[in-house]
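Shared between the two complexes below is subunit A, which pairs with subunit B and subunit C, respectively.
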Partner chain A sequence: MNFLNRIVALDRRWVFLFLFVVVSMAYLLRNYFSVDITVTKEVKSIYDFIEKRNEGDKLLISFDYDPSSLAELHPMSRAIMLHCFRRGIRVVAVTLSQYGAGMVEEILREVAAEAKEAYGVDPQYGRDYCFVGYRPYPAMVILGMGENFRVFFPRDYYDTPLDSIPLMQGVRNYDDVNAVIGITSGTTADFWIVYGNARYDMPLALGVTGVMATDYYPYLGNAIFGLIGGWKGAAEYEKLIDRSADANAGMPAQVVAHLTIVLFIMIGNIGYLLSRKSTNAVS
Partner chain B sequence: MHETIQDSATVTLLWTTLGALLTVATFSFLYRDNPIYKVAEHLVVGVGAGYFLVLLVYTTLKPKLFDALAEGHLWYIIPGVLGVLMWLRFSRKLSWISRYSIAFYIGTSGVSIPLYMYNNVNRQVSSTLDLGMGFGSLTEVWGILIVLGTLAGLVYFFFSKAHKGAFGGFAKFGILVLMIGFGASFGYTVMARISLFVQRIAELEDWGAMLIAYFFS
Partner chain C sequence: MKRRVPLIIVFCVSLFMVIQYFVPLDSLERVYRSFLDYTIIIGVFALLLGIWSLCRVNYDKIKRKSENWQYAIITLTGFFIMTIAGFLSGWGRTDNYLYQHLFSYVLVPIQATMFSLLAFFIASAAFRAFRARSLLATLLLISGLVIMIRFVPLGFLSEPISDLAGWILRVPNMAAKRAIIIGVGLGAVATAFKIMLGIERAYLGRD
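So, the complex of A and B:
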């Protein structure tokens, strides 16, 4: 058996192990690599939208993901919220993922503290941001919020009546926020487009996992004004707000992983073609 | 005070260690299916189901049904009964009654048909034909390419005419466009999976640092 045949017949667990080692090494040695991030138009448009808002304007950010997608979506959530807090934009947070509530509460507190440390601002719950919590059946909730947030969320996550929260006074539905940003790991993105944007025509941007990203590019320009796809998109946003964090730290590992997989695909294909050629020659 | 800090660090270390061990248990599936992996898998499913059940009671059943009934809004009994009827699915004799609840649920989704049509057909067609929606400096050129690519992709799935001659050539262009699309999806999928993996490595790195700090500082 020649070398290429052995490669083609290689137990896939060796490939897993190889990938495990090189990606781990690339991550652990991340301070020795730098990856130049090119900012795309679809990410910049979200940044520009927030940048052009006035202090006190409001955004509804929907964190529609659970801990299984935390690794991919938390970096963009952090970057967007930091940007909002830096600009003095008020954030109304909601989650339409059943496992998201505890996670969202945690990240809101963490980012508020980070914004205080990084920018000297002091985002206060109730004045600068609030979290209305979770309700099941995303499509119904999105439709209901289009009429009045209080239909599904009469009280916030901490059981405070919405009308008692300064930030929510005068905020009735999507007409009273400047845009909705859905950070989403599943079909909720479709619901935001169909039941949110198509029904109520509010400005909508999405942050999605890498797997979903290509499915939502066709909506750019007609249903959504911006799109952040996976870690690359999050790394772009981190670059825009000039605060390198988790997504940028992971980019060297991403580059190494992609190169390794491309290399394995090439070796596998060359081995396959040569073995087929030799089989044809024998027959 | 010092003891409290020490206790807090111990608790954090224990939870982080549990997380790290579960991460390793999950990775062990890459070698082969095994009981340790099964424990981690069942733990995730069990904890998730239990958490969701409690959440559903406190975010939906209590405020939207029990509290409303207690406040005298008796018509809430109707959705309550419809919900209970769903459970008749488990009875062979009475499962037909659950169809009323399902019919009500499916029927209300009729609101989505015009919205989906508008969003996924009307807006997509108009955007595809809008040559000004391309990108980069050669906007119109990219716009024309998108129109041709979309048509070619559709032609590839048109089987009422043999894929020969110019028609066959256009269909081949269609499969090329589809392959580029699949390639982009694959690249993004690799990025997504590696993101999850790297985050686990980051957690393991934090765990290692925590162990060193706890025992050697």
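So, the complex of A and C:
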């Protein structure tokens, strides 16, 4: 077997090993190099939307992801909530993922504490944010919330009747929040578009994983007013709110991983083209 | 009768859902809201059915010692431990120490690890399958490379590459995806009509 054939038929374990080494190195050395982030207009439009809201306006944020995509979607959740708390926007949180409740409860508490430390605001549960919890069957829950949040969530996550929560008084359905932001890693994004936006016509923005992002570009400008895709999108949002955190810290590893994949694709193609050329020459 | 009654129910309910969507009457809205309540009840029973099915299938697997039956033990053990932990004081909320810790320190790392493996498989698959074998494959290859390279800081090249990646996503990608979505949408309408009119009956099962 000649060198070219060896490259083309490289054992995948070498690819795994190489990727592991470079990503580990990039993550360990993340403090020594930074990635210049260009902000895209689909991310900027979400930032602008929140920026233009008045203090006391309300957003419904749906955290529809599970621990498998926590690393990718938590940074954008944090960045958006921090921005809301900084601007005095009230947040109604919900999760349509069966694993989401624990994560959402945790992130709400953490971000509220972070906002206090970073911006000197003190978001209070019930006044500035609340968490209504989880219910199964996302399509049905989205339709139900369009009629009245209390159809599926008569009480919040902590068993408090929704009408006893100051933030939820007067909040009946999507008409009473300024927009819905769905941060999602699965088909729930489609449900938000089809059953949420198409039926109830509320302003909708999505935060999705990197691999999902291309699927939702067709809805930009009509069904959704903004889109945040993966770590890159989260890093853009962090740049907009001027707070470098998890997404920016992870960008070097992501860049190196992409470069490695690009490198392997190029090596594979060079090997393929040269081996094809030599095969043609022989025949 | 066994098939006719479900077909009549499906026809009436789907006809109502179509009408209430296009006719904004309060009376229709009220019925629609009660339908949403029904879905909660049906959902709860479906959940119980799912739990029963999970236990039954895995129990049978263990009983018959079929292939990989050991995994069924792990599934059932995990299921019962999480259920018991959830029913302990706190009912699955954060004040439930055991449940929350099982979630944070067992489930989260397991799922995160599984998802992380994706990067390795993508790298390997891209290396093997992304070959410029034809014109279309080459176009796909170039588009994929541009989309990936946009993350990489390349000095003065970063901005044009980012613009090009944005154009690929917003123009050809959007056009192709919209065509697919419209096709799927029309297909979904046709399927819905087939179910409504009783032409498509697969959901009734074989009996």
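In this section, the second predicted complex is superposed on the first by the 281 of 283 C-alpha atoms of A that agree within 3 Å, B and C clash if a C-alpha of one lies under 4 Å from a C-alpha of the other, contacts with A are read in each partner's own complex, and residues count from 1 in each chain.
In this section, a contact is a pair of C-beta atoms (placed from the backbone, for glycine too) under 8 Å apart; a residue touches a chain by one contact, two chains touch by 3 or more.
Predicted, not measured: the structure shown is a model, and the values here were computed from it.
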Which of subunit B and subunit C A:Tyr195 touches, first, second, both or neither: first
Which of subunit B and subunit C A:Val23 touches, first, second, both or neither: both
Contacts of A:Asp57 with subunit B and subunit C, given as first, second, both or neither: neither
First (subunit B), second (subunit C), both or neither touched by A:Tyr272: second
Contacts of A:Ile261 with subunit B and subunit C, given as first, second, both or neither: both
First, second, both or neither for A:Glu106, with subunit B first and subunit C second: second
Where subunit A meets both subunit C and subunit B, residue numbers: 16, 20, 23, 68, 70-71, 99, 101, 136, 143, 199, 213-214, 218, 232, 254, 257-258, 261
Complex contacts: residues of subunit B adjacent to subunit A: 27, 30-31, 48, 51-52, 55-56, 59-60, 63, 109, 111-112, 115-116, 118-120, 123-124, 126-127, 133, 135, 181, 184-185, 187-192, 194-202, 205
Residue ranges of subunit A in contact with subunit B within the complex: 13, 16, 20, 23-24, 27-28, 41, 68, 70-72, 98-99, 101, 133-136, 139, 143, 154, 193-195, 197-199, 209-211, 213-214, 218, 221-223, 229-232, 246, 249-250, 253-254, 257-258, 261
Subunit C - residues contacting subunit A, complex: 21, 29, 32-33, 36-37, 39-40, 43, 47, 92-94, 100, 103-104, 107-112, 114-116, 119-120, 122-124, 126-128, 130-133, 141, 144-145, 147-149, 151-153, 158-159, 162, 166, 169-170, 173-174, 177-178, 181
Touch list for subunit A against partner subunit C, complex: 10, 12, 15-16, 19-20, 23, 35-36, 38, 40, 66-71, 99, 101-103, 105-106, 136-137, 140, 143-144, 147-148, 151-152, 157-158, 199, 213-215, 217-218, 220, 232, 251, 254-255, 257-262, 264-265, 267-269, 272-273
